[in-house]
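Okay, so chain A shows up in both of these, paired with chain B first and chain C after.
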Partner chain A sequence: MPATTLSKTAAHDPRVFDLDQQSLRELNQALHNLAPGSNETAWEVLNPKGSHSVAVGVDQPVAIDVRGSVGYYCGGMNSGSTITVHGSAGPGVGENMMSGSITVKGDASQYAGATGKGGLLVIEGNASSRCGISMKGIDIVVHGNIGHMSAFMAQSGNLVVLGDAGDALGDSIYEARLFVRGKVDSLGADCIAKEMRAEHLDLLQGLLDRAGVTGVKSSEFKRYGSARTLYNFNIDNADAY
Partner chain B sequence: MCGIVGLFLKDKSLEPQLGAMLSQMLISLSDRGPDSAGIAIYGAPSKNEAKITIQSAKPERDFRGLEAELAKAIGTPVTIAVKSTHAVVRTTPAKIDEARETIQALRPDIRIMGAGDVVEIYKEVGLPEAVVDRFDVRKMTGTHGIGHTRMATESAVTTMGAHPFSTGADQCLVHNGSLSNHNNVRRELIREGMKFETENDTEVAAAYLSSQMAHGKNLGEALEGTLSDLDGFFTFVVGTKNGFGVVRDPIACKPAVMAETDQYVAFGSEYRALTKLPGIDNARVWEPEPATVYFWEH
Partner chain C sequence: MTYRNPPTTPRKSATFDDYTLSEIRRAAATGIYDIRGAGAKRKLPHFDDLLFLGASISRYPLEGYRERCDTSVVLGSRHAKKPIELKIPITIAGMSFGSLSGPAKEALGRGATLSGTSTTTGDGGMTEEERGHSKQLVYQYLPSRYGMNPRDLRRADAIEVVVGQGAKPGGGGMLLGQKISDRVAEMRTLPKGIDQRSASRHPDWTGPDDLEIKILELREITDWEKPIYVKVGGARPYYDTALAVKAGADVVVVDGMQGGTAATQEVFIENVGMPTLACIRPAVQALQDLGMHRKVQLIVSGGIRNGADVAKALALGVDAVSIGTAALVALGDNDPRWEAEYNELGTTAGAYDDWHEGRDPAGITTQDPELMKRVDPVAAGRRLANYLKVMTLEAQTIARACGKNSLHNLEPEDLVALTIEAAAMAGVPLAGTNWIPGKNGF
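And then the complex of A and B:
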């Protein structure tokens, strides 16, 4: 259920933090003080105005609606909460997310979802360079385009792009799966186009459904992943080091 | 890190607020660089007048009597308006080069911040708010301006190491990043006759652009050249007499966000710098693409 709906149907009115009146530290401390089973399941953050580290390190399954654009690292290390940014996000949104979900209604800057271990990150606009860099199990769905060097050294998880991808997609990739609907400017070292089998179509359809994407078929995407030629040292390449 | 800002006004009714708007933008990025700060403001052109912004560590000693001595030496009326450690020297455009040389002969400790028909440059060690207050920047009126708050990485924390750097008439540049081939480029530019005040990498970028424009390139073409000729990390914001430009290196790891409305084009290292601009909620806000030149001219 989208967070916006959730906050309206919650048992209690949302707890509102206005960052024009209250400090970011007060907000994050209040979120960290949440005990398991707390009734304060709906939170609203007003006037973020590009603040850094909004709602980082939340570890309870609450819904947080951020009304405006945020700066660096929004929702970093998220564990179980549902964060919706009703604006755009600066660099590192959802960095090292463990579980839960983050939805950005606008665009996201560099390295969205970097090193994420789990959960779902949805960017409804475009993401910038290095989206999903070193991802370790997170699922990322971008409605628009992604920039260059995305999924660099991506280890596991899924990156779904409804638009286009920039240069050097998936450079030095391990076992993450990349699904791109539009064009790819270029593939990075050891990243190749792969066959889309039935299991991938099913997996992708599930991701599109979870991200609330409608009117787009999983068959419209191409799959990319590791050629696995960099996994072991090749003695013929010794001169390169 | 470093924080950089730029504001290019399209709506003349905002011109009296340029100094206040740019100051607020820069102060909002104070925690990106506490070492030094600087601002360049492009004011209204005044007929038959050009200006030089000068700086001295001992302003009381160096600026005293300079107006009369300079006027006598170059045989033309001169006015000098002192603002703290800086002063703006005004005289006729035909005499501006002679005035510059004469100032340095009369007062060897004075440093030239920049010169041109419209630009004034103020920069000092300290936080943006202190620098803005010291030079009363909020009251300044103008058409466009750029600013910088510095976290020094490449050279010393001094007034001369602060940005903006100006190496040509009404040209100046602020930089977030670091260049790796600046020593080579500096040597080439010195061979061409360019003069350098510091060991700073950013001064080389400014001088590179001045050199390109001196060879007949426009601002956009000169910025395009940085992508092949300068190596390193950079987001540059550049001002010329009537222009404003932005370029990021192909890796583009230094942050940048821009906003445009019918009233202005604005640049900030972060969105925080733009949040108090008029109409920002309905502005077109975007991240400038890597290796892509953006420029506007009046």
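And then the complex of A and C:
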């Protein structure tokens, strides 16, 4: 089921938190107090107004709709919840996510999905620099463009960009896979264009489907990844850095 | 019989000494800088350059074995709902699984727990060995975020945001491929056998304003229960301490250049950062200027070896110290019993520092299954506990002699310096004078 629609499937009225009336601490504590199997599966956060750390460390499979834009680290370390930001997100949205999904309807600032271990992060607008930095298994789908130094030291997982990528994409990349539909300003150290084989087309199509992307074919993308020449230190490679 | 002019004795250069010459030859032969573990080995102004005055007519001592001298300390009381309470002001510093073997990490946990103190994870995540055997475990939050996850964050007793370390302020880590076993690789989400570079700065924040927001996030994730430490390398201790306090830290950890590392460039270890002694007074001054001394606790590490070092650090205003290298020695690192094997590696017991190669005869800085069997975690943990006990008794002995019923009542006034350098760095008078270099315009 596409992540973007999950939040609309709750069978009862959502539990509403208005950050104009209640504190961030109360919101996160209430989310952390959820027991496994709780019936409070739908949550709505009003008036985030750029608050930092909205819905961080959630570890139950609930749906959280955030009505407005958020500051830093929204959904940080998310484990299993489905968060939808109906606005834009500040730096580090979905940082270190373990599982679940986060969808940002607007744009995302720097380090979106940084060090994420799993789950799906969808940015329906653009993402800024260092998107997917040090990613460790997360899947990230950006409908728009991404900024410079994205996927820096990316270890594993998939970064899909429907638009363009800025400079030094995939610098010092390890085993993450990067799929870019538009142009790439430049590739970083040890990052190269790679052949798009059948298994990559399948993988990418699955990611596009999970992210609710329609009307775009996986064959329109190019794949980038590690040349693996910098995996073990060699003095003759010193000029590459 | 022919007369021969008296020869001059062959004279080696003080500048181009034997070590320097060997390093030039090694660099020329290999084309790569020297990488090693441990901290600065050069001679530096240190705690040895300070002396306690002891009691005299103007103040009276406490009875050595009769009168109580408190050693406990509470860390994290500023914001955390659950501060850490330690029986002794000596903690075990962060050292990674990956760099150290599983049995070595377990031994550190056992030793610390027996002693009523905390141990610390490292760049590589939390292992069951150390969580299971450490009553109080500090979980490091590092730039690499290897193994970082919310479950471990919540089962930690404190969180240490690592900005830098004394051996390499401004530098990241390196774990070379030969130590990347299947288990280490899995914990770090990287292929086996490749070099693992740990980033030099955090991926999702830069600067003190961001750090404040990052600390807020960690507090929110852990429901404000855990003390949050900020660890910095000894570079600009006054400003780094002040900024860590501003960012919301409960505890500031300052690591001087004698503090060890698993592996980095020799040139980095010996030439970047400041000696531990030079870091303490600026850090304490920052806390005092902010009115936060004893409210935000200060931990200092780097070259702490005995109870005198502990007492001197506390007298200068520190709340607790941390040991790494000394703890490894207590476990069995660089033990002369392995001398023949050290010789085979081209070194000698006491000098072995190629920890990154993973061939440690003592079984501590290795992932080799056979070598790591040499560490008996129970016996090694016991040795660490013994050593911590001795350090504590030594510090108490000094404190009682200075008339203090708590280690934390030691103060700068109890100290004098043997050298002008130490006097200037520690801010205590040169012995036999009332001169503190840099104070009162002189």
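Here are some notes:
One rule holds in what follows: the second predicted complex is superposed on the first by the 225 of 241 C-alpha atoms of A that agree within 3 Å, B and C clash if a C-alpha of one lies under 4 Å from a C-alpha of the other, contacts with A are read in each partner's own complex, and residues count from 1 in each chain.
By definition in this document, contacts are C-beta pairs under 8 Å (C-beta built on N, C-alpha and C of every residue); 3 or more make two chains touch, one makes a residue touch a chain.
The model shown is predicted, which means the values in this text are computed figures rather than measured ones.
By the touch criterion defined above, A:Pro91 reaches both chain B and chain C. In the superposition on chain A, A:His148 makes contact with chain B only, not with chain C.
By the touch criterion stated above, A:Gly71 is placed in contact with chain B and with chain C alike. Across the superposed pair, chain B and chain C both touch chain A at residues 71-72, 91, 110.
Across the complex, chain B is touched by residues 49-51, 69, 71-72, 88, 90-91, 107, 109-110, 128-129, 147-148 of chain A.
On the chain B side of its complex with chain A, the touching residues are 250, 252-253, 255, 257, 270-275, 285-287, 290. Those residues of chain C that touch chain A in the complex are listed here as 30-32, 144-145, 148-151, 153, 176-177, 188-191, 193-195, 197, 199, 203-205, 210, 213-214, 216-217, 220-224. On chain A, the positions that touch chain C within their shared complex are 24-25, 28-29, 32, 52-53, 56-57, 59, 71-73, 76-77, 79, 91-92, 95-96, 98, 110-111, 114-115, 117, 130, 133-134, 136-137, 152-153, 155-156, 172, 174-175, 231-233, 235-236.
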